[in-house]
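Chain naming follows the written order as A, B, C, D and E, and within any one chain the residues start at number 1.
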């Protein structure tokens, strides 16, 4: 299988990890001499491809659901699943003059929107959207806010809406918010408002699981943790 | 009425250089295939922008490259019967016929559609789609469409080529009437000298893009030197006469300058002027008036000139009163009869050989 | 050689019902516009599948709806000159001419391209695109393409309509040679009786989809009752003769059953049989042989019948030896000369009025 | 059938139909005009226009959507002008979805119409000219009737494309239930979550049925038109 | 220029070209065949074939990609058969990307070619028949030369679409650098990284330049062909 040369491992990673994976690739090669190929797409796309026999060695999902599916299908190597890092949800604004807000039931987003839209990833489909909706529901804000939400196919597009000013406010991952100069974070959602945002990783059933295990360990090694942290992810134990 | 066409144009290897001036009426364009007839007509219609040239119809300048005048086709009001039909495939026969009406000036009505439909025998075809028409039927629709567009000038490129003689005999008198009554100038391309002789006021003969002859129809057709340009068989002269009487046995008496001739009854009022084409090959020469013979028309003539080529035949130009006649006879007969210029003798023309078609009312 | 065409077909409101059987050679299809000529030709080419019918050429069944036989067009080896050209726009003139060659049986070579190109005057056009051709040029390419496809049967739908007389006079002898030497059956649609008389072995006259007359060309053309179907002017008879000598002054002596006639030199070897068409309007009748007249051909004839219509003219059928002649004269002359059946008199025909075209070598 | 789909899904169906119909209908005149210009005129910059028309085909839909956002968004130069002068808002509205669909479908529409125009014999148009029809009249009475089958083909291609357009639409107008949540976005949503396949399939079937209906209708119409012209 | 793009990006460019060329080249004969059948034949199920051809246009690309994955994936019925019998692997290979691009571009190609075939006068084909050409020869010597401009238009539409195809490709063959990361997927990848817009824009420009080049080339060729036919 050409995609899996002896010393090359193929990682299927959720698109929100793109930056991290870019940084990790040279580190991995430096550390092991092996090559790393990363296929980046939405978690659902990647999971389905793995179901259909994709030659991936490692899968890193942006939510637990798709990893659960693969686990049920016995497609991952038993005992290799682990949560790598976490993330937080951020409320961002385009207009720098909007002051920081405290995220609580008294948060008056509708007023802040001033007729504009709140950009979020798809609230029933994309993890960032699901988490955001859960949090707003818990705050009792969702019902009123729902008509004002503009949902996008992934969280990056939501970010782009705010960055370009098309939407005044948005809810995205803190990791995205921190790297975009045209938006500023006006609040972060406490972890209590939504299920923990975790990026589970696991080795996929392949004839030779050894490189995958090595890579999973690498992901939890010091240099990798530094990279994750630099990109704004919450690294457990840090 | 006048038609002035001066053109200079290059089309691939073909060079057109024409400068003709005719007094209106029907101007026949004559010439072999590829001589440039359609090109001239296209230039008049405004479908071709000549490299240099000037086209003036009835004083109205349609094209003048020097002054930068170029009327677009839709403002020229020409009724163009194309050589290849060009019927609109998406319209019924009726739609095709009426197409030009939509754009004709209000008020000016042009000819009646019923009349045209009748003349062209299109009555049963009005709702047909063009693809369900025969070749000749399409051609008739094309003629009707042009006639009904209320044109100021008719351009007809071999309009009758695909039609049978009976139909031609229905259409030609109509064109004559247009020429005489509506005073519509017509540019008429045809390979048939019979048609041309009947209709044309002037004839222009093209050869390889150049004008080799242009003049009044009677002059060109009775000029033995034009005989070659027109093809051996087609030489003939034109007599102008006045209808003197319709006899009870169906013959019409016509006074020409040299006497009387008889023709099968023709549709012309007493006293009106008509023209009769007499093909050179239909004329015999006799030293004395023949007797007891079915030929009715025997005219005293004087031999003006004899002109022969390489073949066994010669063309004899005859003076008959003020008119000219041409006779094609064998060299052998000329020798046997001892024909020389100045000789007084008789031209024998079978009345029937002046065919219906060759009789036209005298325009201009 | 034989051609059998039996068809029954409905096309919109038009019903075709034809049953003709001719001995091969050239079968002329004659009839007014919309009579069904093209429909018949299309059926023979296999482009139309008739509702019922049988088409057999030279013993080979091309269509037989009863037995379910329908040879596809590409296996019929017909050379079809379409009424509307149908030149391939993406091929040069040369490519068009040679198209059929690609598919012709190896070994059988067919006519030489150089010869055909010469005859049709296409030499300078070989590399042209069809869109840069004049109407007549396209038609000539269509003729050449059909001739060069090495056909077993030629279908020609008004092939010469768009051509000038000079070109026609170059093509017709070639078609005669095909008819006589290559023994190729030809189905020939034309509105020109001159062409038909010269080429045809048989004539079929269509009217409104029905066959009104079908028979050998001499019979049909010399039948006064057929005169109306063909149009008044076109009646004429055919004389069969043998070339007796070429005189030094360019005339050819031809022995016919009633004596000798003279024609302008024709291209036929001594002793060969030829046919001469004499139009009824070119024949005069005299009670005594006229003297001192330029007409060379005076044949003793017997009056067989006189047939008149409403008009001033009548058609006189004359027995001339074994042949028949037709003369169209005025009723007045017939009365003056007291013509009655059985009367012995003289037919006067100007030699020159037997035009070049109307002389053809004798096929069949 | 009504029970087969929930009210939200029906809403998506209705919205998709509306978006696709408007996208097709409104872009058709422009499509015809551009196709005519490309087929029959020669002018400097013709190839630039040609390239522009093809752009949405070449670029990934997300990029097209993003460019639409930058241009027609409330902050975009054209978007702001439209809003100020005509009160037309495109961002986050179904009108924007129609615009996105129209832009994405435009190259397909133009190509089909252009090919038909190129197939019209200019000799017929000339003939109409000699009969007194000026340029626009020639187009209306000769060219247009003759290219109707091609216009229909272009329209149905555009309609089908508009029904299926996803990437540019969601990027430009995002997914607002009842406003911009078209069938493809609904389908995408279902496909993101495990087990959503059957719901997605239902919507796919609906959109296929609708587009097939349009296709069959157009084929039938085109056949009738062609028959009228060919006289069969 | 070499310094403007990194090696990975050049790889994406090369891969996209390869994918688009193969997709266009291999589907062209099928496109012509299907277009001919749809334009000239009448048979039961014709509209089903017609609908099938249009399907990729109607369905969101993700759905098409998913169906391709289910059919041509290593576990899919066709994919498994291809692999067992011919050793052809499509899933997660550039070959699969070519298949996805071909499928997505197929309706555009077929429509363009079909419109051209419908514009060919059957009378010319009949004439070829009377001159001895059997059906296939008529097609090769008359129909095909006459529709070449349309074939070219279809091919260039397909090429442009193949260069820009994203949704079906990433869903079917994923986004593997050097194997299936075509220009559009590379652009997508850049857009996922903060600050990746300028890199993405570079790639957009590259793909636009390539597709425009193809477009201009095809326009030039088509003009020459048309001129040969119209004799101007």
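Basically, a residue touches a chain if its C-beta (ideal position, glycine included) is under 8 Å from a C-beta of that chain, and two chains touch if they have at least 3 such contacts.
In this text the structure is predicted, and so the values were computed from the model without any measurement.
Chain centres here are C-alpha means, and the one lying farthest from chain B is A. Annotation, chain B versus chain C: rotation angle of 180 degrees from the Cα superposition, expressed as a multiple of 5. For this pair, chain C with chain D, the centres built from the Cα atoms lie 60 Å apart. For the pair chain C and chain E, the distance between mean C-alpha positions equals 57 Å. As a whole-number value, the distance joining the C-alpha centres of chain A and chain B reads 90 Å.
Each chain gets a centre from the mean of its Cα atoms; for chain B and chain C, those two points are 26 Å apart. Under the contact definition stated at the top, the residues of chain E that touch 2 or more other chains are 62, 66, 188, 191. Shared interface positions of chain C, defined as residues touching 2 or more other chains, are 84, 128, 132. Across the assembly, chain A contributes 160 as residues in contact with two or more other chains.
Those chain pairs judged to touch are A-D, A-E, B-C, B-D, C-E, D-E. On the chain E side of its complex with chain C, the touching residues are 123-124, 126-135, 137-138, 141-142, 145-146, 228-232. Across the complex, chain C meets chain E through its residues 45-47, 72-80, 82, 84, 86, 88-91, 99-100, 102-104, 128-132, 145-146, 149, 155. Listing the residues of chain D that touch chain A in their complex gives 62, 66, 69-70, 73-75, 91-92, 166-167, 170-171, 173-177, 185, 188-194, 196. Against chain E, the residues of chain D that register as touching in their complex are 47, 50-51, 54-55, 57-63, 107-108, 111-112, 114-116, 118-119, 149-150, 153, 157, 160-161, 163-167, 183-184, 187-188, 191, 200, 204, 207-208, 211-212, 215-216, 219, 226.
Chain A makes touch with chain D in their complex at residues 42, 44, 47, 65-66, 68-69, 117, 119, 122, 124-126, 146-147, 149-153, 157-158, 160-161, 164-166.
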